[in-house]
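The two complexes that follow have subunit A in common; it is paired with subunit B in the first and with subunit C in the second.
For the complex of A and B:
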């Protein structure tokens, strides 16, 4: 059953995308580590980290696509799950600094010493163990999504209202994490990491491994998402998106279907955040900003929602464009992003991948129609012949 | 041996001070030049007792550190800086007495206990001033630092006083002085009554500081008076909180009311709404700039001029946005969110390119600055005007929606587009002008918000989430819901603030809204009917 899940997931385009991602996971680190710095094939370390960041964003966009593209829940708070995953990883990395901080306290991170705290708050306990931190990366966003979704889906909050309260959720978290009393470093966030599992976070090798890990996690989540949407559950999911009441009348528990998808998606967003933090080197409350979550929606829309591959392409394209524009014409970036928002909604409502798929599907349908017509004509001719006889 | 000399010294000093006691104010003031802190206190008491209003300038100069003694002859002068020298002024007559180099003069030192004595002495002396306002502030000064020495003075002044307000204040000052004197218990009891009726935190502190030295039998009276004041203070605090809440609510209402049209009535998730507010604020800035350079006398009218300007500018921008972008997206609300977010980024960057990223200074006209007291409430004029302004916009809009032909068409189109179209309403134009109206009202809101907030390209961003919360909480498609939603969120926020802090209060409000939406998914005042389910 499991194997059929994955076999179905790996159909056509998804298989190609996974192959590309795995190839990238191998080739980019190789080009970074194994070539000489002056070689034409060499990829500098900063570029590896930058691309790793794009892959994390791609994973976040993929997570959003699962709920928005297939379940019709436009979450404007996915940045919150991403940031929570990031904070969980950031806490682990802070604990790894140990006594090498500015104040040299073996237990307390610098900002707590600075705030004159005497002991570690309860929610920081256990965060020095990698397995526990990884567990929290999944559990914390998942739990928040579960609680939030439990209430929201049960009381049938949907459409615009749901979008706005998800935005309220991430905004409330933004305000909360800005407070010093929360114990997450206030507006400076968590930074100055030294090492992860004993490897220096600055080292080229660690960065390459983190990059490869991001690509592998992305392909794994892609396969899982694909498996979900191609299973029978996935068909119901699309039904919920297109005609929620009808699916309910058919006897499905719509709220449970939504809840499951929402929680899975939030966990994926958490993983993306956890991979993002060691590569970028900082996590701060700015990641909770509602504007960030809306930007994720744009990546997804640009690539094409409801296509799984589209959001990955969209995230990489838009962020690549952002890096290019903010370097070359900093003034123009917001104009470009704004125009992209408007252009995509007006002229590419299906996104890049969606539009291409639609073209192909159109051609195939036309071909099928052609053939049907031909065969109909043939039968008509045959009938005429019969009649003539 | 040493003790013997000291006691002799003290005796001589005591004699010296006593000897001047009988002499004129001039001698008393000159004696200040030689006195130490303790003696100065006695001297000030005698000066106060002399009740001679001529000494007031000298005492004020003493308080301000402008009283100097001449080293050569020990004469005391009021001084003003005059280049490297000090200009000398006779302490009593106020006549100029030449100049002296700074080295020839010594400043009279003053400490806190002396300053207190000085203040009460001054208070006592100025009680007899012919100027009514001086007497009033003197009575205030005695009230703030009551002392037994002033009591007779206050009573003397009280007997002569004719002005009602000053008299009332002097009664209070007298009561405060009685408490620190050795008058009989029943007089003190009456004094406690009087002070209790003043109210306010100052009265509590007067009673508190006096209660230590009071007779034990008066304790219950003091406690009763204090608890009475405290309960009235608590009442006014409550009132102040309600006022702050209404004031915040009116700001929320202003920010949200345009959105109640574009989002509530038309169903467009208008993320560019905040930018319309921001552009309205910048329109105010531009109007003020033009007035500053060409017609400064009109400055007090700048806001009145800015209101129509902002309405037209933002309305026109809204019209362009509707015709250019939004009309292609009707029926796809979630995509209007993306497109209008894009519009908002472009508008923000445009404003940033034109006006720069920093805050712009928008001035308050004179009628919007200052404050007044209403009972125990302190109300600032700009907040009061904003409350009045937002309510008048609200009711104006309500009348427009319910009583005008345009309002009728607008409601017809939102309720049943095809039927409205069959009746000959040009639905496309109604859409365009409804959006323009919503944007224009956001612009007007910007005029008011420019008075209380920083005018920067990010102005709109800080209101957008709050505005959506208000509209969703109040109920989409219902203007009354927006009013009730804004005011109740404002008051709730201000009531949570004192106990949990501003940020946590805001977080709690957000969480409460999220929970509230679970209970009533369509807000406080939900529209009912089959059309809603579609």
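For the complex of A and C:
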């Protein structure tokens, strides 16, 4: 049962993408750790972390594609799930600082000492254990998505209205996390990490492993997503996107279908956030900003929604472009992003991967039609010859 | 034999009594009463705004009535169920505008409609069995679309989409099929073909057809119910109904 699920998932393009990602997971750390700094093949550590960041964004875009591209739920709040996953990991990293903080308090993170708190709030308990933090990376975004989706999908909130509520959700969390009383470091967030599982977060080796993990998790989530969309469930999902009432009148519980997908997607976003935080070294409420969630939609649209691979390419391209532009022409970046979005909407409405797929499909169809015509002509000729004889 | 069958089967498949519903003060249905027997093929006619589509909305759980009784198989109260429940009970519905999954192939459309477990995990790990395959092939033959099975539904002609939708309803294996204007926008040849198709389907289940096309209704040759202003105006054979002075005044034209 499970094996057929994964077998179906590893169809051509997905298999190729996974192979590329796994190769990258191996080669980039190798080029960083095993080559001399002056070698042409050397990749500096800052670049490894930067690319690791792109892979986390790619995973976030993939998560969005699952709900938007396949189920038609335009979530403008996926950044919230990403940030929650990030905070869960950030809390673990904060607890690993121990007495090495500025105030040297072995039990409380610096910001709590500064706020004059005497003991750890209840929701910080257990976050010093890695396995528990990892569990929370999945559970917290998943639970929020479940509660949100339970109400939204049951009351049949759709389209623009749903998008607006998701924006409101991430904005509400932004405001909440800004408050010092929330116990998540307020405005400054969580930072100044020292160690993860006993390894220094600054060390080249740790950064290389985090990069490799990002690539591996991205391929794993890609395979799972592919399995989902290629199953009968995935076909129902597309049905919900294209003709929701038909799905309902066929006897499917549309709200459960949406809820499952939304929760899976939120968990993937959480994983992305958790891998992001140790690589950039900080998580703060800024990650909840509504604009961040909208940017994810742009990456997905640029790469091609409903293609799984498109959002990965889109996220890497747009963020790569962002890094380049903000370095080379800092003032031009926002114009470039705007131009990119307009350009894609006008000339590549299906996104990069979507357009390529469409071209290929078109060519195949034309070829098939040609052949059919040819064979029809052949039989006609043969018939004529027969008749003549 | 027939005695035996009537004992095991419910007396009525669908039973509506005194059903009223109003939208913003407009009475869409006004104490409508209406019975469909098991195995019956019934046609419903009536002017625009007579409440035909609203009636279907109520039967399929899309709209809740303000008052009245809606029973399926004599015991199941449909007003307490939602669309998915009602579909699983065995009531299929074809919309006025053909509604199929355009980005799926004809085959996939039927596979999705097949009456199998519809839960998240059942569909996630579903594998096509030889029985299901045979069933889909059978339906493809019935709806005359075998040669287009791998085509995207979006590429079908209007009439073929209507048939595909009917095929999807068949795959659902409903006890009752509600069909809203199946021949709207069809060519004459397609209309005649559809009449044959519906009669074929009605051999194994009850079918209620809403239609404007009088020629088509005549082709079907079944009991006709004429609705007007949310209640039943006349009921009987097509000749009986179309000679009724009230029907002529309200619907067929003065």
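Basically, the second predicted complex is superposed on the first by the 377 of 389 C-alpha atoms of A that agree within 3 Å, B and C clash if a C-alpha of one lies under 4 Å from a C-alpha of the other, contacts with A are read in each partner's own complex, and residues count from 1 in each chain.
The criterion applied here is as follows: a residue touches a chain if its C-beta (ideal position, glycine included) is under 8 Å from a C-beta of that chain, and two chains touch if they have at least 3 such contacts.
Just so it is clear, the structure is predicted and the values come from calculations on it, not from any experiment.
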Partner chain(s) touched by A:325 [first = subunit B, second = subunit C, both, neither]
neither
Counting only touches as set out at the top, which of subunit B and subunit C does A:199 meet: first, second, both, neither?
neither
Please work out whether A:5 is in contact with subunit B alone, subunit C alone, both, or neither, and reply first, second, both or neither.
second
Touch test for A:117: subunit B only (first), subunit C only (second), both, or neither?
neither
Using the superposition on chain A described above, determine whether A:337 touches subunit B (first), subunit C (second), both, or neither.
first
In the overlaid three-chain picture, which partner chain does A:176 touch, first (subunit B) or second (subunit C), both, or neither?
first
Once the structures are superposed on A, label A:132 by its partner contacts, choosing first (subunit B), second (subunit C), both or neither.
neither
So which one touches more of the residues on subunit A, subunit B or subunit C?
B
Give one of first, second, both or neither to describe whether A:236 is in contact with subunit B, with subunit C, with both, or with none.
second
Is A:146 contacted by the first partner subunit B, the second partner subunit C, both or neither?
neither
Could you give the residue numbers on subunit A that contact subunit B in one complex and subunit C in the other?
none
Residues of subunit C defined as touching subunit A within the complex:
60, 83-84, 87-88, 92-93, 95, 99-104, 108, 111-113, 115, 118-120, 123-127, 168, 172
Quick check on the complex: what are the subunit A residues that touch subunit B?
74, 148, 151-152, 154-157, 159-161, 163-165, 167-169, 171-172, 175-176, 178-179, 290-291, 294, 297-298, 301, 331, 334-335, 337-342, 344-346, 349
Seen from subunit A, its contact residues with subunit C in the complex are 1-2, 4-5, 228, 231-233, 235-236, 238-239, 242-243, 245-254, 256-257, 260
In the complex, the residues of subunit B that touch subunit A are 267, 269, 271, 325, 328-329, 332-339, 341-346, 348-349, 353, 461, 465, 468-469, 472, 503-504, 506-507, 510-511, 513-515, 517-519, 521-522
